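To keep things simple, chains are lettered A, B, C and D as they appear, and every chain counts its residues starting from 1.
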């Protein structure tokens, strides 16, 4: 219906959270609380599968964790092991069928999987597997992994998991639950976080450490890239299922994805974000009266900017916490209606002020443009937009529902846009990648007085990336996994063949 | 929770309904109405998949057809082809995951399946397929068929369907929908009904003709056993995908499953049921004052009994139409509470009367025992139970959620029960199968004054089975499909090997 | 939305059920089961108020009893006394605000009321009370009674109840619950049934005895017309709050409203209905092949007709039990779609047959016309419509949502319709009231071959009305309560004044 | 159930929002958006009544505005006038019956009311009105007003409204809608805000101006204390229905209730709050490393504190936005579980730090105690609690669901607690009211290192109260309306008589 407005979130989305609990008398309840702490990683659907030692029990549903797991639902999840998943789903794919965990029967027995990540090669594998007679009931990449497990010649599950994961390239922080075991695996490049904790003598594995904090678990260490943990009644075993590869931690976890109180890739997220604000102030200082974040994600960087610059921090935009999914738009359309539903400007803090407006990133730019207008209409005399990451010039192939290159405002000059003059370039420190839309053009589109992004160099510094262990492909267009771009970018050749992959068991632990 | 009572239905369950519509501008709406007419075949979940020529659209949900397919749901089912399914599910399997239609992607493209029937060999096939690397996401037999389709070497879908169906033995009335075709198939023995109709220039296929009556479609003919109909824009093709086998129409469709106004296996169901009542009166006449049916399914036989015997028909038990699924039982438990919630005796019609109580079948006997007591407590001086089919001595392996042999009150004398005397046998015409529990014992358990079942011979007559085209295995213990008993009966050997099946394409139609 | 079809029920509606329980440890649970048994008296909303001796607890909701009173809802209804109400509501008034019981605070304390009946004078009283400063929050007649109670000068509640009820004319079977007492009252003419029973040492009051049967209560006696029962911890007191008036039992309770297994006005309903069928056969016998009821309400009369005439009874129309509230109608409209959703004709039983079609009443005639057509299209060669009550020529002012005179097909010749010839009159025994539409005209409208109604004389006989204790105003247009017609009939003068009523306390019991 | 935890909000609650729209083609839609902007004033239920000139249409429901007013619901609210209400309800009163607007029929016609405020004299009026024969169906104060309107002798509605409001003392910002008029009234002391705006030629009245900002309405002025606006098709009339009384704006609107971007009592709320933070820094400065707000309400004061003190502001506690209503608590209870569900401490920002923790108020203190512990457990070495209002020593009788005196941690020394020494008093500037619990005792209970409240004097300065126009009774125990304390405080005499109030019409405008 045309008079509806969808509340959009113009961000990259990673976007899933997993939480497994093993050896705890209230496993499902703890997994539920862990998912609740990971809710920011996916709000569309959530599911928990539990094992009582004999049988797997699954409950999944569309909606928020706190709404889904009512007492009668938790009561149907008995046992001392549980695996939870919370999911972000794409617009066209709001189906429960795609919700996780996925529970299957195969020759390795009955097992449940929850996956955070994305496999750029999933499409090709899917076609290959279908060719070999596999059927697909979901559109999720995870089903590819499941098929590879089932088709593995390995004699046991850990071997089959290793087999499967050695065949797919991409990002996967993966939990698997069987009747009596739990497995936790992280891809050899370590794209996504996955942490191990202890709780009352049992084990917890979760996407972020904030899940541990809520349930009172103790952080032990991160699951290592290429590592498989096998957790059973008798203890925990570590296997390296894949050779080491250059690390590629997702830098955007620190920019936006993760919760600020989480420890991600060995560093507290909040720390990175405040440092990004400081970097912004150093790189793009401007005389102003107030520093105003776009809440909530812009707050830490705005705090940092304010500290560094000495310009007062003000909550000049307040986020509405009661936002529903869709709204009926009045026929006499209200300008920037969708953004107004979400953000309330405080005119008293903005009126007559020169405003430094801090946000974490710009993807399409449409929302940012509305926010700039909102701030200006609330009385700001100058709006200086500051973004706590570099221009997003290229899609991410390791997350879900990411925009295409065409949708990125900072991408690509291919359509013959006028180039910036040297002066214009100089204004922003000459840091422009020649392939990207000029900062000046974006600034004009946004309607801001000035626009500044953190440089890639400073982003790396802010997240503590001293040894180049982060993936920054969305800012550089250079992808760590071969074929990632080819697979998903419509301009890449469709004809490329998937290399024939030998199914080969990794030497097994028992 | 112990204070809950589940309203049980002590019957065999077949139990699914399918309805496909092709070439109609309101295909999904018509499929929905068809499912509504088939609601008696499964009340747990329902689903419709539609095709708009480019994409398949699926909506399925737990609940009743009329509740699920609200306008906004139907609005999400565009196109001129639709396939609907309504499902009965077992107690432990109330999961939406098992609801149909199943929609998959495979090397034959994207397709949807709806299946009415059961495959006794599904368990073995499942193990075989898992062994070969297939994964199973549901517990439904239908997923076996899907895998066999995907693994077929046939070059097109009709070949793959033939391939798949030639490998499984069992009951299957199957509909398949792709973007631009619909297929309708019936197993070579014709266990389950499947009828073809025409509607406004388009085609309809449904489990029972009552679906045609509601939407105003014209009955054309039954889909033949072993036949595959391929319906496209250009017309309808018939293929015989399997050699003829001896027909095995499910006789219980006439006894209980089908709606009385449907034409099933060439005969109107109501006709069979009234004739069963007449047979009962002839075989087990008894002096009485009233003939009272156990509603609703006992009504036609009671009408027949009344006509034949001249004893007045009375609605001495009235069915409550507002029954929910579960009820909270008072702590001061009410005797026969569950049955009372469903059936209201009319004391005025029963008091001081000798009652012939007519029901269609007895499975466990627990409900019948309560009904007899209810009738007696309402004042009946004699209760003569008459059952419009023979004693149910053996499970059905072609339906879902059927009781095991141990649960059948009429099954099996293996635990050394005292045999009936010749006199006792004579009382009921000496028609007892020596393997079954004696009629006298059942009578005593039920608390009836007399008990009479229709003989198998007369059941055959009543349904018009002049050429032995019906499956009567539940009354005889003799199964038409080899291995049916072995597969599902716990007493059968588990070690039997599935014969190696050569995947071989049937010569194809184009 | 125009493509929706509402499943209509072309009947008079009384239509509420009440059930009170006092002195039982599971009072709310018992009231809930009682309401469940009374569900046929109102399916729109239901409510229960319980008292734990200190406070009244209310739960009410739109929907069916079995759906509303889930365990968590019943858990919020503690105490040993409970009052339940199930309600039929009119089309334009599906609001929860009008659901009962009504709970109020007034100078007589906190009290809850549940009312079955209608007050023709409610509209005038409403205007009078508003004039005196009362406010009305519902559109229900019951609120008038509540105001009269609050405004009574009587010093205690029983006096106030007597006061209030002596001022309103009409039908009221009324239950009132306070913290520690329950009152049961019936109007002096006894329009609606109200029965007293015992349960485990406590008391039960219910609209029909079928509520007792389900919960195992023992029927004690009817609450007498003009009687007030006051039930407390110490026992039960009887007060006659109003002088006796000529009895006016609603005859339509026996024709249609009540459940057949209930004892209403001293007679089992089923008995009346079968006798009505016999009367029909005697008055309007016709050569035919089958007697077919319009289910479910036409069944007993059809059974009686069959018995009397010797023509076989057949369930040639089967009622669909899964009917939802509304349906989306296909754009290519299906003829008689709404009726088809509800009734399935069984062609085999109707084809080539001369059918006696038995229904309990005709109000607007639109549905009956469709049913006749349905039966004919199923192959009947003759359709003889038989109605087990006289022509409904006048509205009922003691029930809710009854049609106006203009809507009654049998009412009123005022628009100059051609009169029947003497021959035509003779055909039906010359029993036509000169004011009513001719039977012949109705027959033509319905498309039946013949049409016969039970005569008023025989209706009286069938229900055992030997001393003229029944209200038959819907068949005669003569109303027992003065002003009933004037109040509700649009043609009656609107200007009539409500007589000034002195508020005067009835001598009180303590 | 004992394993459930309720997410509490330890604040005073005012707490309702009203929004009326008149003369706008999308009146209900605009009222809905206005309510959405006012959602913070009440999250339990919401309702809108609209008028299409002939009839009032009501939709109300439990839940959030954005969830309730789905398109099909808004479609049932036609017309160019609408009145919306969003409500906070008390724990024991989550009933829809109490939701507003209330729609009634009375001798002034059909009218709808929405009320923000509380009437301390409601209880007495209720008893008086019940004595005179009124019935009460809700527990809301608003029903008292309604009865007084209905009982007024005034000849028209505006007279009756004036009559009614002149009889009740208390806080009321009231909207009334009839078929063709809307009234907006504010009590003579102006306790609660009520603003008038214009929208596309129509009128809007709302509790806070933030409602105007969302829908694009222009703020015109506040409704004056004692003023009644009558809005009709022909324009807007102003009547002064009550003589001026000393103003008593609720100071807590600025401390906590209102949205920071609203203009309340002529001042932007955010401005007051930041100034409160500055005052705190001046009064209770302490050496520290970070200023951390308790989000969200503590943010502006923390920003102010940081600015004034130069100590860096940090979001060391992050509010969880996905909090549901209730949670199942693990059996192995997690310490401070409820607070943890709502607030996530960021250890990196707190570890080893001396923290100034800023919150807006303390009521019971239980939550604050848990937050202090949370911050300490996250590593803070010192926690200095700063509260941006004075100690809350006395209940509020003009809001709903406010704690009793006994529940206030800062109230009352009557139980012989040890008094503070002069030194202790000196530590906090000697500002202690002798009747209140000592600050030192509260500090000890909270487990904070120091505790400081803003003084009343500075609170007044911060909100710009230069002419003593604010009610500060919760900080002083001195109430502006006689009898307020007596009515609600259990220790006050229950015997006081309500003065006889002459019902007298105010001279009317026509």
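In this text, a contact is a pair of C-beta atoms (placed from the backbone, for glycine too) under 8 Å apart; a residue touches a chain by one contact, two chains touch by 3 or more.
Since the structure is predicted, the reported quantities are computational estimates derived from the model, not experimental observations.
J.: Which chain's C-alpha centroid is most distant from that of subunit C?
T.: Greatest centre separation from subunit C goes to chain A.
J.: Just give me the whole-number Å value for how far the CA centre of subunit A lies from that of subunit B.
T.: 48
J.: Once you find the CA centre of subunit B and the CA centre of subunit C, what distance in Å lies between them?
T.: Each chain reduced to its C-alpha mean, subunit B and subunit C end up 39 Å apart.
J.: Between subunit A and subunit C, what's the gap in Å when you average each chain's C-alpha atoms?
T.: 62
J.: Return the residues of subunit D touching two or more other chains; collapse runs of consecutive numbers into ranges.
T.: none
J.: Using the touch rule from the top of the page, what pairs of chains touch, sorted by label?
T.: By the stated definition, chains touch in these pairs: A-B, A-D, B-C, C-D.
J.: Residue numbers of subunit D touching subunit A in their complex, please.
T.: 1, 3-4, 25-26, 29-30, 32-33, 36-37, 39-40, 43, 64-67, 69, 71, 74, 200, 210, 213-216, 259-261, 268, 270-271, 274, 296, 299-300, 303, 306-307, 312-315, 318, 320-324, 327-328, 330-332, 334-335, 340-341, 344-349
J.: Taking the complex as given, what residues does subunit C use to touch subunit D?
T.: Subunit C residues touching subunit D: 58, 95-97, 102-107, 126, 130-137, 146-147, 149-152.
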